[in-house]
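You will see chain A twice below: alongside chain B first, and alongside chain C after that.
Moving on to the complex of A and B:
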């Protein structure tokens, strides 16, 4: 296991290096540098070029990359072109907001697991039809639209939930925060919920037909024990595969929900940085995401071992 | 807006929208540098004078928050609007009705006979929010920082380069000498805004990590002080008791940052906010809402949409073809379908609300028969049964670009133009492009396009629009590649003609020449509008909008 982890660490280091160099290059190859997004006609071409020079964009690209790397190894992701603040600071100030929302969404999404079990146990009966129909319909609806409709219905007409933001300005308390959290968390949970429900349903159907389940039943075990101790554990393996990417998604946030729910998170930061060509911020976020993806995949591999004792990491 | 009506940045997402957000935005922007020989604010808005009361919070929703609160670092509209609340700006300002220059932070000024030197006599009653007087030393020090190359001020070419020298001979006298004597010299001699030297000189000018005053200013001169800023969430301001034109009637302004316009409109309807960023399609519904009041005004230099013609293309070098395009496009349809009639047709480089507008420019109103006749005359004939005109065996096919591709407005304009041109036998392919790619396509070799749709937000003085037509600005600003020495010469004259009537005639001639040559097909210009909750009382709508004196705004219920 230890030698496996060391090998993975070395691989990851080179992977990170390669990916960052590629992203850095591709980013610079897209037409129009950040100066193209200074759309104020009062700025002359000369002004824009001066700003580009101050941002270090007139240097050869490999030099810019080496500078970036030399800062990164010292833990410095550079400064935003937009407001000159450290990229790390910009990421860290939004990270808690995103984590808070995505953790709630993930938690709600896990409810898909019992839902899948429920559908599988009642195969071709009402609960199964209900779960299958709902997951297909909700899956077909774009998230942002679902979010917007829920928001308008429950917040604007029924006035049950607030229309925007993480909390009421001036009344920032725990109940108030939870009240603001419900809608975005529910919308954020739908993808996971649907995926888990469907995966678990089909996996359960397969496992329930296995010999060992029949054996368990014939031993006279309670149905509950058979379902959750014997069948479900084996059906969870595909879910474990999905855990790594899910963790990355937790941090990445989503510009879609964050826009609709006026949520000041990482997704909007990434979107704005990409749209305005704020290279240091985009690069910083990309770098952090890459590390998380690599970590996430590692966690997935380790999770396999836990879920399935037959798997060994070599 | 005081001297430079700046464009609505944020072209990125939707240029038009931001203009409207600016309806409030521009408005709030405008507010800071107003003021005049100033009696303290007369109690009462224009609507029900005498009823005004102090207290309460104005709660607008804006689509994007400020990027920075450093007045010498931003290039985006929200940052400019918000720094206008914090810092008093403008040695002079436009009169809210006549738009003539009137005193502001300077109580009077003298211009030398050669029009190069502006001697400003500063008001002696202006204080920083810590009680220290605002003097010429603050102005001079701030100017020196902005002019210092290492400080990377974005607007060097407009705000710094025209100035030869700034001196502060006395505590309340500031002398600005220009390099060139132009009519808009009074704009150039206006230093953007002073910062408190006694606070700022302790800190780094550029680095927000070393200068807390940049993003959390404690010493300001504008009508409001910063109370709290949570990025991408909200910004709260509270009244500055020491504001030189008198403490604002409002106790506070609370901006909520709401990126989605649908949500913003719902918040306006539920009364959660007093102003939202609306789309033209929301207009009728908002108008029918009894809780909202509509304000409408026309800016003297509104933004306008146009189709630019690539004059490098042989087919388009023929003015008859350009006239045919101008006749074919239906401006009324653009105004109705896209803008819900909140924009109006325009035929000239200066729209009808501008003081130099020439009503006698050639107007190419929608007329497919005239368009067809022009094309016939140019040799483009329609073979029997064909849909596309042909000359010398070549079909008349044009490529029209628009950008950014997320702009619904530009997409719709492109499609309307495409249909209109198809009716007269011109086949147009429309291509929406990401902003960076779009700019690259229209500004660099091989200039592979025929037409593009875009918009322009001019500045108040007619002189600055000349940049669009100068040969030296091909292709950066002069994208069609238009060369007319007569137009260039007239712009030179116009900038040096101090007699207002004579000057107006020069710009009228320019309009006639450009509308005859048609490097651009002018389409529609924007009118401004905003819906606010009725509890708000604002400034009387005028060419500067509704917030040129925000200290006089008040709320009915005092909340």
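Moving on to the complex of A and C:
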């Protein structure tokens, strides 16, 4: 296990290095360079030159990259073109908001497990058909559009939920925050919910046919105990592997969710940085996102081993 | 080399009950030639009513997309680019069946023209993905060696990349066009296909008939294209379905953010760019493109499901 983790860490390190080198070069070598967009037309050519000089854009690309990396190692991702604030600071103040929303979506998505059990127990009856039909249909609907529709219906017309943001300005309290969290979390949860419901349904159907389930039943155990202690526990293993892609999806999708719900997270920051062509911020965010995705994959691999003692990582 | 003709595919498990006809094409049905593999698959596909309905739905969308200019000029008498500012935010009515948008353009007309863009995009991307995926997958699966190692490394790299952010990052540098976006989507999406093809090629490679072909002196390319490829084609077809669906969804998301297909060209995704600003006054503008996306993707998913069951009954089990 330890050797596996060490190997994965080395692998992840190389991955990060490759991705950052690739995108750094890509960003700096574009025609006109990153400074092409940042200055307004009132600046003279001389001013542009001095700005580029100031930001070290005239140095050879490998030196620029080396400089960037040596700063990143010390936790410095550069300064924003837009407001000159340190990128690290900008990202760190937004990161908790994204993690908060993603965690809420992740946990809400786990509700797919009881849904899958419900469908499996009532195989070929109404609940099963309902769950199967819903998963097929919702799977085809873009989740962010579903969020948009919910927003229009519940926030704009019925006025049950707030239209945007994390909390009501000036009235920051826990109930208020939860109230703002519901819609975005539900939308973020749909993908995971559907995936888990599907996986658990088919896994449960398989497990329920096993001998040990029959043994448990013939021992006279309550149906609840048989379902949740015997059958479900063995059906949960694929869910452990599914968590990685779910985290990846949530992190990757954050830019869309946060745009729809005006959520002040790093996805929103990426959107704004892209609109303003704020390269240092975008580059820093890209780096952070890659780390988050790699972490998500690592968590799912480890969870797989923890959940299933039969699996050994070489 | 007629020993493995398509009609005698060894992977198609004979089904015991297929009505009056036998599922095994070799046995035949008395009179006339035996139905081929495609015929048998089609019969199986046809029995699943949901898939047939989905096929009809998808063909309808494709038909609308193909005939978009004709439909809008001669049936609706509208132009997708015609702005009438006095007609802004017109709710659905008999004159504008789906209402009008922020520039007074007819929403239904734009939706029909958007179908053209979104469907063409999905098909082009899937074609690129399949080409790359099949070539790399077959190579990695059949030959193994350094191509296989390189393929695993690329998979690892792609797994760690948030695709949406790559697209946004690239859009910051170059204004995306239809073609550049399609190439990006293709370059990032082919790994799924390749992984599947590789796995299948690896398992088919071990079959006796491949050894038999090699023994009688068939070349590698002949084995790959005449023996392995036909046997994994059914899986490729199913993956094509899922590729189309995922591409439509991905294009919609990136275009919704404004980093995909650029307006004024309408795509189902970029018709939603401004919808956030209108949630209070024009719900129909947000509703219709999403319904179009969901309907098409649902149809494609159902077709792919039906195809999987029809082409290879063992896969569904």
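Just so it is clear, the second predicted complex is superposed on the first by the 267 of 314 C-alpha atoms of A that agree within 3 Å, B and C clash if a C-alpha of one lies under 4 Å from a C-alpha of the other, contacts with A are read in each partner's own complex, and residues count from 1 in each chain.
The rule is simple: a residue touches a chain if its C-beta (ideal position, glycine included) is under 8 Å from a C-beta of that chain, and two chains touch if they have at least 3 such contacts.
No experiment lies behind these values; they were computed from the predicted model shown.
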>> Touch test for A:260: chain B only (first), chain C only (second), both, or neither?
In response: both
> Between chain B (first) and chain C (second), which, if any, makes contact with A:163: first, second, both or neither?
Replying inline: both
> A:230 contacts which: chain B (first), chain C (second), both, neither?
Replying inline: neither
>> With both complexes overlaid on chain A, does A:152 touch chain B (first), chain C (second), both or neither?
In response: both
> Between chain B (first) and chain C (second), which does A:297 come into contact with in this model arrangement: first, second, both, or neither?
Replying inline: second
>> Quick check for you: in the superposed arrangement, does A:93 touch first (chain B), second (chain C), both or neither?
In response: first
>> I'd like to know which partner A:137 touches here: chain B for first, chain C for second, both or neither.
In response: second
> Looking at the overlay, does A:198 come into contact with chain B only (first), chain C only (second), both, or neither?
Replying inline: neither
> Once the shared chain is lined up, is A:285 touching chain B (first), chain C (second), both, or neither of them?
Replying inline: second
> Can you pull the chain A residues that chain B and chain C both touch?
Replying inline: 30, 148, 151-152, 155-156, 163, 259-260, 275, 277
> Where on chain B does chain A make contact in their complex?
Replying inline: 4, 6-7, 9-13, 15, 67-68, 73, 75, 152, 154-158, 206-209, 215, 230-234, 236, 254, 256-260, 262-263, 266-267, 269-270, 272, 434-437, 439-440, 456-459, 467, 476-477
>> Going by the contact rule set out above, which residues of chain A touch chain C in the complex?
In response: 11-12, 15-16, 18-19, 23, 26-27, 30, 136-137, 139-142, 144-146, 148-149, 151-152, 155-157, 163, 248, 251-253, 255-256, 259-260, 270-271, 274-275, 277, 279, 282, 285-286, 289-290, 293-294, 297
>> Looking at the complex, which residues from chain C come into contact with chain A?
In response: 156-157, 159-165, 168-169, 171-174, 245, 249, 252-253, 256-259, 272, 275-276, 279-280, 283, 286-287, 290, 293-295, 297-298, 301-302
> If you look only at chain A, which of its residues touch chain B in the complex?
Replying inline: 30-33, 36-47, 50-51, 54, 82-86, 89, 93-94, 148, 151-152, 155-156, 159, 163-166, 169, 258-260, 262, 264, 268-269, 275-277
